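In what follows, subunit A forms one complex with subunit B and a second complex with subunit C.
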Partner chain A sequence: MKAKETFLKWLDGDFDLLAHVADTDEHPDPGRAELKREKRHINRRIDSSKAEHRVERAEEKGFYALYTLVAVVSCVFLIGILLFTISSLPRYGVENPETTEVVRRYVENGLEETGAVNIVAGMILDYRAFDTLGESHVLFTALICVTILLRIDNKNMQSRYEDYFKIRMERYHELTGESIAKIVGMVLIPSIFLYGIYVLLNGQNGPGGGFSGGTVMGAGLIIFAATYGFDCVDRVFTAKRLNLLTFCALGFYSFAKGYVFFMGQNGYENHIPKGTPGAILSGGLILPLDIAVGLVVACTMFGFYSLFRRGSIGGGWKSDREL
Partner chain B sequence: MLAEIIKVLLLLLLIVCAVSVNFTKSLLQSVIIFMAYSSIMCIIWVLMESPDLAITEAAVGAGISSVLFLLTLRKIRETDRGEDGGEEA
Partner chain C sequence: MDFITNIPLFTIVLSLFSGVLCMMLSDRAARRYTFCYEVLLIAGVAAVLFYTVKTGQAFTYVMGEFPAPWGNEIRAGVLEALTALFFLIVMLCSVTAGRRFLLVDVDDSKRNLYYTLINLMTAALLAMVWTNDIFTGYVFLEILTLTSCGILIVREIGRTTLAAVRYMIMNLLGSGLFLLGVVLLYDVTGDLLMVPMQADIARLSGDPRNMLVITMATGVLTVGLAIKSGLFPFHYWMPDTYGWATPASGSILSSLVSKCYIFLLIKIYWRVIGIEVFEKMPVRNILFVLGVCGIVFGSLSAIRASNVNRMVAFSSAAQIGYIYMGIGIGGLPGYTAAIFQIFAHSVTKSLLFLTTPRLAEASGNSLKFKDLEGSAVRDRNAGFFFLLGAFSMIGIPIFAGFSAKLLFGTAAVEVSGDRKILTVILALALSSVLNALYFLRTVIRIYQKSPNGDRTRMLHRADYNVPMGILTVLNLAMGLFSWIFADLIQSGLLMFG
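Presenting the complex of A and B:
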């Protein structure tokens, strides 16, 4: 009741609130003294932390100087090593029986032995097929590592509802907004996929092959997911299908190439038709292996994007059903 | 002759890009310069008559890895903002 009266008085201009505050300094009440003490304490703490910061900053300065020095020294060291290595390489374009023996074998007998017009494809998918198998496995392993690091599910969500609603909002924006991006995507995406498939299927005849075609297709998938939303892609690419596809492609590659190497090592005929060079169905195993590598690469690229963007592949979002 | 000049110019641009990535303050700018580096590298691969590498460079270097970098930047900013908000509240 007293507060109301004071307030009304203050409204009329009869009462000065600050005068009352000034009064209390003369009659110190315990709460106010405590507040003052606290304030002093806090100020002292701030000062001391400032001093600490100053010390830290000085230490950091020393650290950065050391860091720059080490960086420069290691850079110069690396450049020196690389230049030294280059200086000991044979000259470009000069015949040298020691280093060009394998190359000449590839160029002269490559078409005959592999059936591929594109010698590079013949090299990486026939002569050195195990290299490419290793590369595909590296990609697969990278996808697994990214899954381990970035996957979000009920167990490791920070705050379950917040994350969930953030993703819901993103999905809403994907479905409703940005019509320019969608129209551009409508024109671009089919051509990107066609180009990717063309590059993939013509690996034995022209430039391209599994890795290039696969990355182009993966980029197309990423653009599709970015413009039309993950819901469209999720109808085709669930996590299970993606894993199954990758597994089948890698398994097929391993078995096919294992068979060929086994037969070749033991001196048997491997009964894989070479086809006429230049046609799409030529080059023996190169075309199927290209397709396998391309599938692995495309799945991996899309999986990376999906995991980076929302922490799951193919909408394996558990709480989607629970909530 | 013209091809030689273009080649030298592209190589110089490559070096400029590679150095300037280190000297930009903003991470977003570094990512964009990295994209430019990959695009220049792609043209150089074409000039060196290896179009398959050019395709891969364009798709991986300028496309996918830049997208992944940008997504990472967004994630970093989100977590930063989240921590700041927590301190204020």
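Presenting the complex of A and C:
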């Protein structure tokens, strides 16, 4: 009976996973007392009689079995009709002039129109640049959400206070020991950064670009922070600087693309040189935009790691709060 | 080309930039900046609305140097401009009226991030309204999903985190299904822009093999967006999400976010699938049945609710049911009624979600019905606004809710067969009775004299009363001059086709 009740309560939104944790909210949580009372009531009912308890256990088992059965049946049904739909899709690789009109122009004229050898880069940063503008802000939004959830502040400090000191202690140990990791890191980290920069700058000429290059650089930063400790990273990447970097990159992105859209629609020349295809300075805006996206991605990756590890982006909790 | 046609581009790009900018500003500066910026946006969008009404046709805006099937495009017609205008006004009123609650619910160091999310959300809402490209719709749908979770968890109590986790799971399921639908459609048509897609689908719909894929894609898209907007079997995330969020967020989530998904769905039906092709599919009738179920079961859940916020949240489920019922009725009148209901409900629900926390504040921070006794006497303005909102929800004439119900009734009579007419009329009658049952119960309770009526009266300031007044005036305008709005919506829908 308990499982069923809990499930029904979950459906109603009444189920309280956090009933046993002290509320971090300083204001009285309306409805909490009532829920506790309900919970006690349920507990009492469950304890009331053993025979009844046994019946409830059986019912609970039945409920679980039914739940699993319904879930499995509906999933199998969904998989079945989706597979059936896929079987009636057009065959892959068969030339169909009506559905490949768009793709053909990307492949045939992409190099000439965007100046990028890498057609994918030309497509996402020139033909369909508006989508990519949104996509880079998706990352930024995710960073803001994680910051709201995890950055230590007055409201969630109570629950994270002990964590915070534990992390301080960990960081102390991190700095004193583990020399193997440091030596490996010394070899590995510069090459990772170099590779990241290479991937970032060659987005218009080969596989790579902002998202992949930024991820590699972000991974380099994370390994740096993990082997040498946050104190080392914080000397360069304070929260303020990381925020400023993100701001400049995304601001540049928005304004550059806004300019291109505006000029394009109103029929003006936008005066952005395309360059020689294959050279590093080619592809018009693709290179600067790749750099901007790469910086945002690297900052976001490092920001996630830092927030999960210690509850602030750069510097200790104090310096983060002063921001 | 007139300069006004550039405004839709500016609204999206500048909103994205404002979001990033607010991260760098202090709390105060971010708040003031957001306020000024939103006022500017409203003026701009109003200009677009005026322009499209004057010229009598929609315009498209090429994003970049490459024309329709290759580059991105946005589009503005009467309906898009009207929707954007409504969304922006409700957004500004919610944020302004909810500011005082933000001071309590959000930590000092994170209040500027709240405005960051609000600006990003504005960008996403506007992009989803203006878009003429189904994949752009998906990208900004992601931003909307993330920002809506963000403005929920910003309160940082265990309950909002828990509610956000569930909201996020449901939302991601919806996003995944939506993407699946887009991929299926792309596979058969080879396009992502709405106009060439519709032409391809009209050509393909004769072939049963392709029609199967198109029907399946429509179904998957519909289920995805129905989960996100909270149609009947998927509405259980609503009470927690709306009820525990900080009031400004609750109001935005219930009146803008879920409505924006429905608007995108309607846009897809008209501009991607093509309304003639869509009306032949069984999807419409399923939506009709689920909509009617939502109306009944949402109201029944609202009657059982023990706290006022949960009651208002469950009544949202019923109101979402109305919108889907309108889609199910179909035809021009059905969609007009559905979109009218989107506006009417967003105006009313934001009013209700912003008054209940004030009533609770006057009753020792308790949202329980028995504690709310006499709260309207202690906080007269909030009580009055709640009364007006409740009247609109019940469907008392001169309020927007009544006009919406009237439009649904007439639409059913104009378009449908006998059985559907009967179902719609019965659903409307039943829902009105149920609405009256639980809203009047609340109204009577909050106006009752309570034994502990000597509590201090609430202070009122212009930053609460003015936005609430604007929402009320909009509500009354929609009730009294409903034909103006209905005509605008109808001409916008005709531009869609």
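By definition in this document, the second predicted complex is superposed on the first by the 236 of 323 C-alpha atoms of A that agree within 3 Å, B and C clash if a C-alpha of one lies under 4 Å from a C-alpha of the other, contacts with A are read in each partner's own complex, and residues count from 1 in each chain.
By definition in this document, a residue touches a chain if its C-beta (ideal position, glycine included) is under 8 Å from a C-beta of that chain, and two chains touch if they have at least 3 such contacts.
What you see is a predicted model; the values in this text were computed from it and never measured.
Within the superposed three-chain model, A:Ser212 lies in touch with subunit B and out of touch with subunit C [touch as defined at top]. Judged by the touch definition given at the top, the superposed model places A:Glu135 against subunit C, while subunit B stays out of reach.
Within the superposed three-chain model, A:Arg151 lies in touch with subunit C and out of touch with subunit B [touch as defined at top]. Once the two complexes are overlaid on the shared chain, A:Arg105 sits against subunit C while remaining clear of subunit B. By the touch criterion stated above, A:Glu95 is placed in contact with neither subunit B nor subunit C. Using the contact criterion defined above for the overlaid structures, shared-chain residue A:Gly251 touches subunit C, although it does not reach subunit B.
In the superposition on chain A, the chain among subunit B and subunit C reaching more residues of subunit A is C.
Considering their complex, residues 50-52, 54-56, 59-60, 63-64, 67-68, 71-72, 75 of subunit B touch subunit A. Residues of subunit A that touch subunit C in their complex: 11-13, 16-18, 21, 23-25, 27-31, 34, 81-82, 85, 88-90, 96, 98-103, 105-106, 113, 126-131, 133-135, 137-138, 140-142, 144-145, 147-149, 151, 153-156, 243-244, 246-247, 250-251, 254-255, 257-258, 260-262, 264-266, 270, 320-321, 323.
Contact residues of subunit C toward subunit A in the complex are 1, 5-6, 9-10, 13-14, 16-17, 19-21, 23-24, 61-66, 69-72, 74, 104, 107-110, 113, 116-117, 120, 123, 127, 133, 135-136, 139-140, 142-143, 146-147, 149-150, 153-154, 156-159, 161-163, 180, 184, 187-192, 200, 203, 209-210, 212-213, 216, 236-240, 243, 301, 306-307, 310, 360, 365-368.
If you check the complex, the residues on subunit A that touch subunit B are 118, 120, 199, 207-209, 211-212, 215-216, 218-219, 222, 301, 304-305, 308-309.
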